[in-house]
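By letter and in written order, the chains are A, B, C, D and E; residue numbering begins at 1 in each of them.
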Amino acid sequence: MDWNELLEIAEHERSQQKPIRLHCCTSTGCRAANSIAVLNGLRDAVDEAKLGDRVEVVGVGCMGFCSRGPLVQIDPNDDLYEEVKPDEAASIVSTLTGGTTSAIKGDTQHPFFSRQMKVVRQHSGKLDPERIEEYIAVGGYQALHKVLYEMTPAQVVEEISRSGLRGRGGGGYPTGLKWATVAKMPGEQKYVICNGDEGDPGAFMDRSVMESDPHLVLEGMAIAGYAIGANHGYIYVRAEYPLAIERLQKAIQQAKKYGLLGSQIFDSPFDFKIDIRIGAGAFVCGEETALIQSIEGGRGNPRPRPPYPAQSGLWGCPTLINNVETYANIAAIINQGADWYASIGTEKSKGTKIFALTGKIRNNGLIEVPMGITLREIVEEMGGGVPDGDVKAVQTGGPSGGCIPASMLDTPVDYESLMAVGSMMGSGGMVVMDQTTNMVEVAQFYMEFCRGETCGKCIPCRTGTVQLYSMLTKILNGKATKADLDAMEALCYMVKDTSLCGLGMSAPNPVLSTLKYFPEEYRERLQEAIAPTPPVEPTEQHGTATAPELLAQ
Amino acid sequence: MDTLTQATLTQPKIRFATVWLAGCSGCHMSFLDLDEWLIELAQHVDVVYSPVGCDLKEYPKNVDVCLVEGGVANEDNLELLLQVRQRTKILISFGDCAVTANIPAMRNLMGGADLVLKRGYLELADDTRKLPHAPGIVPELLDRVMPVHEVVPVDIFMPGCPPSADRIKATIEPLLTGHKPVMEGRSMIKFG
Amino acid sequence: MAPVDEKVNVNQSPGGGAVDSSQGKNGKAKAEHPSGDRRFKQLDITMKRHQYKPDALIEVLHKAQESFGYLEEDVLHYVARGLKLPLSKVYGVATFYHLFSLKPSGAHTCVVCLGTACYVKGSGDVLKALEEKLGIHAGETTADGQVSLTTARCIGACGIAPAVVFDGTVAGKIQPQDALARIQEWS
Amino acid sequence: MSRTVVIDPITRIEGHAKISVFLNDAGEVDNARFHVVEYRGFEKFCEGRPFTEMAGITARICGICPVSHLLASAKTGDKILAVKIPPTAEKLRRMMNLAQLTQSHALSFFHLSSPDFLLGWDSDPAKRNVFGLIAENPDLARAGIRLRQFGQTMIEILGGRKIHAAWTVPGGVREPLSAEGQQWIRDRLPESFETVHLALSLFKTLLDTQLKDEIHYFGEFPSLFMGLVGKHGEWEHYSGHLRFTDSHGNIVADQLSEDDYQEFLGEAVEPWSYLKFPYYKPLGYPAGMYRVGPLARLNVCSHIGTEQADRELQEYRDRFGRIPTSSFIYHYSRLIEILACLEKIQELVNDPEIRSDRVRANAGINNLEAIGVSEAPRGTLFHHYKVDENGLIEKVNLIIATGHNNLAMNQTITQIAKQYIRNNEITEGMLNRIEAGIRCFDPCLSCSTHAAGQMPLHVQLIASDGTVLQDVYR
Amino acid sequence: MSVKTLTIDGKDVAIEEGATILQAAKEAGVAIPTLCHLEGVSDVGACRLCLVEIAGTSKLLPACVTEVAEGMQVQTNTPKLQEYRRMTVELLFSEGNHFCSVCVANGNCELQDVAIQVGMDHTRFPYRFPNRGVDMSHPSFGIDHNRCILCTRCVRVCDEIEGAHVWDVAQRGAGCYIVSGLNQPWGTVDACTSCGKCVDACPTGAIFRKGETTGEKERDRAKLEFLVTAREKHQWIR
C-alpha cells in the first residue's frame, strides 16, 4: 500500500457509492430498538421500488440521538426519522419518489444537533463501520501516511503538544506531554495501549466511537506508536461491548489486509500491530496500572505510582496509555493541524468533548461540543431540559465525579471549572437529575458501586467504601446522628487521601459534593431532626462531688 | 502527703458506679483484684451502684464515674445503658466486651440471635424444648451484640480482657483528683 | 455476577468448596484431558495461539467460559496446567472478574443494568419486580435452573435506559411489567 | 388481689438475674421464680473454631471461675488427643483449681455474703456491701481481700495472669512452676490458713447466735446431691467419678463416668429463664432435683483427706448430721473447702515433682468426640465437644455448675419468700433475704448462661387478668 | 552509586540512590508503622500505614515503595497522618473478626502492636462481623480467615522465596480472601512444601501452627531474614 493506492481506494469507493444513501443506525442502542429489522425493511423496500441503481441502504454507526432510535437518515437531504418501526420502512423509501410517510420526522435544526461540533464523531452515523473502504473514502489513514512520510516522531509529539489535547479518560493530563515522556524513555520495547474499558455508569462515548468509527481509533494508535517508538498496541475493551469488539476485530483485519497495520506500513520501516484484549467485568481496570495487570493476565489490582506506566508499564516496558476518545482526536489534529485544534475550546481545555447526556432529560444521547460550553447550554438548550419539572443537579464524571447543583449550571464545561466545583470531567457521563431525585440516595448509589468495584487491595478503599455505604444507609434510614455525619465526612477525606489508586481517591466525591451542595438533604434525615433525643441529659449532670476540673468539662 | 490523700481531705467523695452488661464479669473480678487498694478507694468514692459492691437496685442520678463492663446484647442492657449515660458524667467503657463487643459478639457471626437460641434451648434440651420468652422478665436478645460506644457516647476507653488491676488503677486514680487518665501505650490500651 | 456484598464470600469461603485433590493429580499425568471432551481441544487451540503464555490467562478463561458456559474446577485445572500457572493464581483471577462464573448459569439469563442512567430511570424497580417474580436475588439462578438473574454496572445503553439484557439481547426502556412479560415467555 | 414482686437485679451475685415473687389474693406467697436474664450462646458460636482455642474462648464464659472452664476444656482436649498428660502437669492443674476454689469461695463469703451476716439483713442497702464491710470491719475485710488475693495471685503465678490465664492446654499446661512462685505460695500460706480459721470460727459463732433460724428457712429440703469423688469416696475436685447421694446419705449412683452424662442428666427449659433446668434423668423432671457445689461435695464424699479439713468436716457433720440439707449451709461448707484447698496446696507446693518442666504432651487428633469434667467452685462442670478430623468444633454442649442448682435455687427462694412475706407486707430486708437465698448457692450466672444485671427493684401489682395495676419503684 | 540527601522529620539523612523512604527512615532512626511491608519480599503499598507527607506534593506517598530524591523533605508523623493511620487501623479491625483475647497471636501480633502505636483504644467504625472460615486441613498449620488483614505477605513469601505460590487472593473488594490452590483445603494443595514461611510472615494470628492456643503463636522472623540474605547475598549466616 502506498499513497496512490490509498487515494485509488478512496476514489473507487466514492464512485461506487450511490447518490442517495439511507443511513440506518446499527449501534447498540438502536439495535435494542430493533433497528436491524428496520435496516432489512429499508433494503427490501429499495429493491421493491427498484431504486437499487441510485439508492443504497447503509447500516451505520451511532448518530447520537439514542433515546429516539432506531434512527434513519437520508443522505444528502438530511431528513431524519426517529423511532422508526420496521413497517414504516417502505413509506420512508417512498418519500424518495414523492410519497409520504407516517414515520416521525426529527428536527435536525434542534440545538441538540445544531449546537454540536463534531471532530471525533465527524463520520459517526455516516459510514458503515464494518467497511474500511468507507473510512478511506472520507480521508481515513491519510494522517498516518502524513506522519510516516512528512514528520519525524518528535514533530508528531510536538504537534500533539501544541494542539493542547488533554486526556479524555478523565484526568485531563496533557497528551503531548505524556507522549513526550514515553518517547524519551530508553528501551527497545514500548507499548501503546488504548483504554476502552469505559466503566463509568452512564457513559458510552467510547463505545459509540469504537462501534461507529473503529479505524479512527486504530489510526490514532498507529500514529502514537510511530511518535513514541512502539510497534505493538493493545486495545483493552470491556466485554460488555461485544459489538465494539466485533467491529474492532474486523477493522484490524481489514487494516492488516491493506497493509495499514502490521509490517512496513505504507512501505515504510514502521511496523505496528494491534491486539485486542477483552476485559471481564471490572471497573477498576479502567485505572491504568490495573488495566496493565489485566492485560498481563492478572487480577486488576492497581499498583502504586510512581513509577508511572510511561516509565514502567506493560511487562515493565515504557507504555503509553490513552483513552479511546483521545486517540480518536489524533488523526484530525494531524490532518488539520495543531493550530486549528487549539482554536477550539478554552484556554486550557482545547478541542471538543463528547458527552453522554442521560437521566431525567428530554433529549438523551451523545453530543460532541466544544470545550467551554456551559452546562446550562447543554442541559437546557441541547437536552431540552427536564421533561416535567426542573433540573436539580447534573452529575458528571461518574462514580469519581460529583453532583453540580442547578444553581451552578452556568459553569463552563472544562477540566478546571468542573474540578473547581467539586466534580470532574471524567470520561464524559452527564446524568441529569430532577427535583424528585434524592441526593443522599444518589450518593449511596455511587458508593454501592464503588464498594462493589473496589479491587480490595488497599484498606481505605476496600473497607472505607463499605463503611461509607453503611453510614449512608444509616442516614437514609433515619438512624444517624450529627456525630455520624461528621464521622462520615472525616472518613471521606481519609479514603480520598490515603487510597492507592484513583478509584478510592475519588470514591468519596459523590458524597462530598452532595454534602456540599445539598447539606439539608442529609440534615433532615438525622435522628435529631426527626426526634430530638439528646444522648446525655443536659441537666442534673453534676455529681455532688469531686474535682472542679473534671466536672467542668 | 500524696495528692490522693490531699484530694480526699479537700473534696467530697466521688459518686462511683460499676455496671455489667453482656460480659463474663472478668472485668469486675479484675476490679476486685485491686485488692487492698479497694480499701483506699473506699475513702475516695461512694459506690452508689454496682453488682459486686452495692445493693441499690436503681441506677441513681448524678453519678460521677461509671465503669461499664460488657457489650450490649439484650433489651435490658440497652435500657440500662441509656439510663447510665443520662445519669453519668464520665462513662468508662470497661474491658474488651464494652469496647469491642468481644466474645459475646461472636454470635454476630451467626447472623442474628436465632441460631444461638435454637441451639441452646431446642437442640440441647431434653424436656420441654422451647425458647425462653417472658416479656418484661426475660429480655429479648438484640439482633446484634454491640460495643457500648455504638449505643451511647463514651468518655474513656479501657480495653483489655480483662484490663489488669494495674490498668484499672491507672485509669481511676487520676479521676479521683480531677484529671483525665492518659490512655496510651501497651500498658493502657492493648486489647486482649 | 452479583454486586459484591460483604456476605458474598460466605459460599465461596475457603474450606467451603472442597475440591477432590485427586483431580489435580490425575490431570497432571496426562497431556490431554482424560475425558476426551472436545471442548478441551478448543481450549488447547486458544492456548496454543497464545503460545501457552501465562499472560493469556484471561483470554483463555474467556474462551473456556464461552465453551463450557462456566468455569468448572476441572477446566480451571486444565488451564492452569496448560499455561503453567499456580492454581491459586488462576482461581484469584477467575474470581476477580465479574464476568467469569464458577457456577453454571440458568438456561436463560437476564441482566438488569444498574448504571446511573438506568438507575435514575427506575431500573431498581425492574430488578425488584424480577426478584420477586423469580423468587431469587440478583446473582442467583432459579431452583429449576431456568433463569439466572444478574446485574450489570453499565452496559453503555444509557440512551435507552432502563436497559435489560435478555439472553444476550439488549432491550431498552423496560418497565417492570415489560420485564415480567419477557421472562414469562421463557416459562 | 394477686401481685408479683420482682427483685431486679439480684445484687452481690456473679451474674444477671431477677426474682419474681407471686402473691395470691390473700397476700400469701404462691411461688417464687429465679430468672436468669441473659444468654450469650457459646454452644453455637464456638462451632467452627479449632478445639485448641476452646480453653481460651470458654474461659470467657466466666471471669470468676475461668479456671474451671480452662480445666474442663483442656481435659476435653486431652481426650481428643488421647494423651495422658505428664504427672507434673496434672499436679499443676490441680493446684490452679485449688487456687481458684480458694479465691472464688473467699469472694463469695467475704465480698458478697458477709455484709448480710455482719451488717444485718435489714441494714441500709446503700452500705450493705463490701465497701460497707471495709468501713465497719476493716481487718476482716482486709483479711478476706488478701485471701482472695492469695488465690488470684497463685493463678497468676501459674498462668501468667489472674483472669483468663490460657495456661491449661490440651496435653498439659504451658509453663512449669517457677522457683519464685513456689516460694511466694509457701510464704503466703500461713496467713491464708489464719484467715480461714478466723472466718470459720466467726461463722460458727454466728450460726449459734444470730443466724440460727436461717438454717431452717433458707432452703432446707431434701434433694439429691452430685459431685466428683475419688476412688475411695474421698473429696475430689479435678478427676474421679460422679456420685449421687440422697438426703438420707444413701448413695443413689456411684462411679459414674462423665462420658455417660447424657444418660443420667437431662436439661429442661422454662420460658421464664435463660437458665436451663438440669435434672437427674431416672427421676424425671422436676422430681430429679439435685444440688451441686460445696454443700454437695461435702455430702457425697466420705472424707476430705486432709487433717484440718477433716476435723472441721467432722464437727460440721456433728452439728447437722451426715447430710445437711439446708442451702444456708453452703456458706459453711465453702469455708471448709477453703481449708481443704489450702492444705492440698501445701502438699502440692512441696511435692518433689512439682517443679518438673515436663508439663505438656503432644499428639494428633485421635478422638472426634470427648467430654471433660471438673469441679468448679459452684459445682460440677461438663464440656462436651464433637470435632471434625481437622479438629474444628462441630458441636458443643456445656453443662455449667450453677445450672444444676437451678431447681434448688427456685425452691429455696420460694421457701424463704413464704417464710418472710406475709399479708402483702414487703420490706427491703425481706427481699434481701430472698436474694440471699440465691447467694447461698454463689451462683455464677455468667457461667450458667454461658450466657450472664442490674435493673431497678420494683414491685408490680398485677391483676389476675395480667394487667399491671400499680408499679412501685423503690 | 550516587547518594541522595534528604530530611526526614527534620533529620538529615544520606542514602544511596534507589533506596526507599522507609529504608532512609530506618537509617535515620525514625519509626514508620507498616503492616504489608516484609523485608525480603516485594512491596505492594497496600496497607497505607507508611504514608508520609513530602513537601511539594499534595499526595501522601507510601514510604515502602517511594524512592528517595535529592532534597526531599519528608514528614512521617503529622497530625493528619496520625489521624489517618488510626483510622486505617480502625478499618482493619472493623472489617475482620479480631478477637484479640482468644487469638493465638495475642501479645505477639503486629496488628495489635500497630493499634497501640497509633493510639487506637477503640474503633469508631461498626464491626462488620463477616462470616469467614477456618481451614485446619494442613497437617501442621491452620489459617483463620477471620484474622486476615489481606496484607498478602503470605502470598509473596510463598511465591517469591519458597517459589510454591500456594496462596493468592480470591474475589475482590470486601469479599477478598487468601485462597490456597483452587479454593481447596490447604492440606490438599500439592504445591505446598509445608515450609511454614507463611506462618512466620503472617503479621497476625491468621496463619498459625496447629496446636497453638491463645497467645502462643511465635514467629521465626529470623528464618525469613536468613533466607533472604542467603538468596540475595549468598551468605549463609544465621
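In this text, a residue touches a chain if its C-beta (ideal position, glycine included) is under 8 Å from a C-beta of that chain, and two chains touch if they have at least 3 such contacts.
What you are looking at is a predicted structure, and each value in this text was computed from that prediction instead of being measured.
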Most contacted chain pair (by C-beta pair count): B-D
Reference chain D; chain at largest CA-centroid distance: A
Chain nearest the global centroid, as defined over all protein CA atoms shown: E
Whole-Å separation of chain centres (CA-atom averages), chain A against chain D: 72
Inter-centroid spacing, chain E versus chain A (mean Cα positions, whole Å): 38
Length of the line joining the C-alpha centres of chain A and chain C, rounded to whole Å: 26
Chain B: positions in contact with at least two other chains: 102-103, 106, 109, 161
Touching two or more other chains - residue numbers and ranges from chain C: 4-6, 89, 92, 96
Where chain A touches two or more other chains, by residue: 282, 299, 451-453, 455, 466
Interface residues, chain A side, partner chain E - complex: 282, 299, 303-304, 306, 451-460, 462-467, 470, 487, 490-491, 494, 497-500
Sites on chain D touched by chain B in the complex: 6-9, 11-16, 18, 20, 35, 37-41, 43-46, 57, 60-64, 66, 107, 111-112, 125-126, 128-131, 134-135, 138, 141-142, 145-146, 148-149, 152, 161-164, 266-274, 276, 279, 281, 285, 397, 432, 446, 451-458, 473-474
Of all residues in chain D, those that touch chain E in their complex: 48-50, 52-53, 55-57, 60, 164, 166, 169-171, 174, 362, 390-392
Complex interface listing, chain E residues touching chain A: 44-48, 51, 60-62, 65-67, 80, 83-84, 87-88, 91-92, 94-95, 124-126, 128, 149-150, 169, 171-176
Residues of chain A that touch chain C when the two form their complex: 28-29, 31-33, 65-67, 69, 198-204, 207, 239-241, 277-283, 294-300, 356, 358-360, 364-366, 395, 398, 429, 431, 433, 437, 445-446, 448-449, 451-453, 455, 466
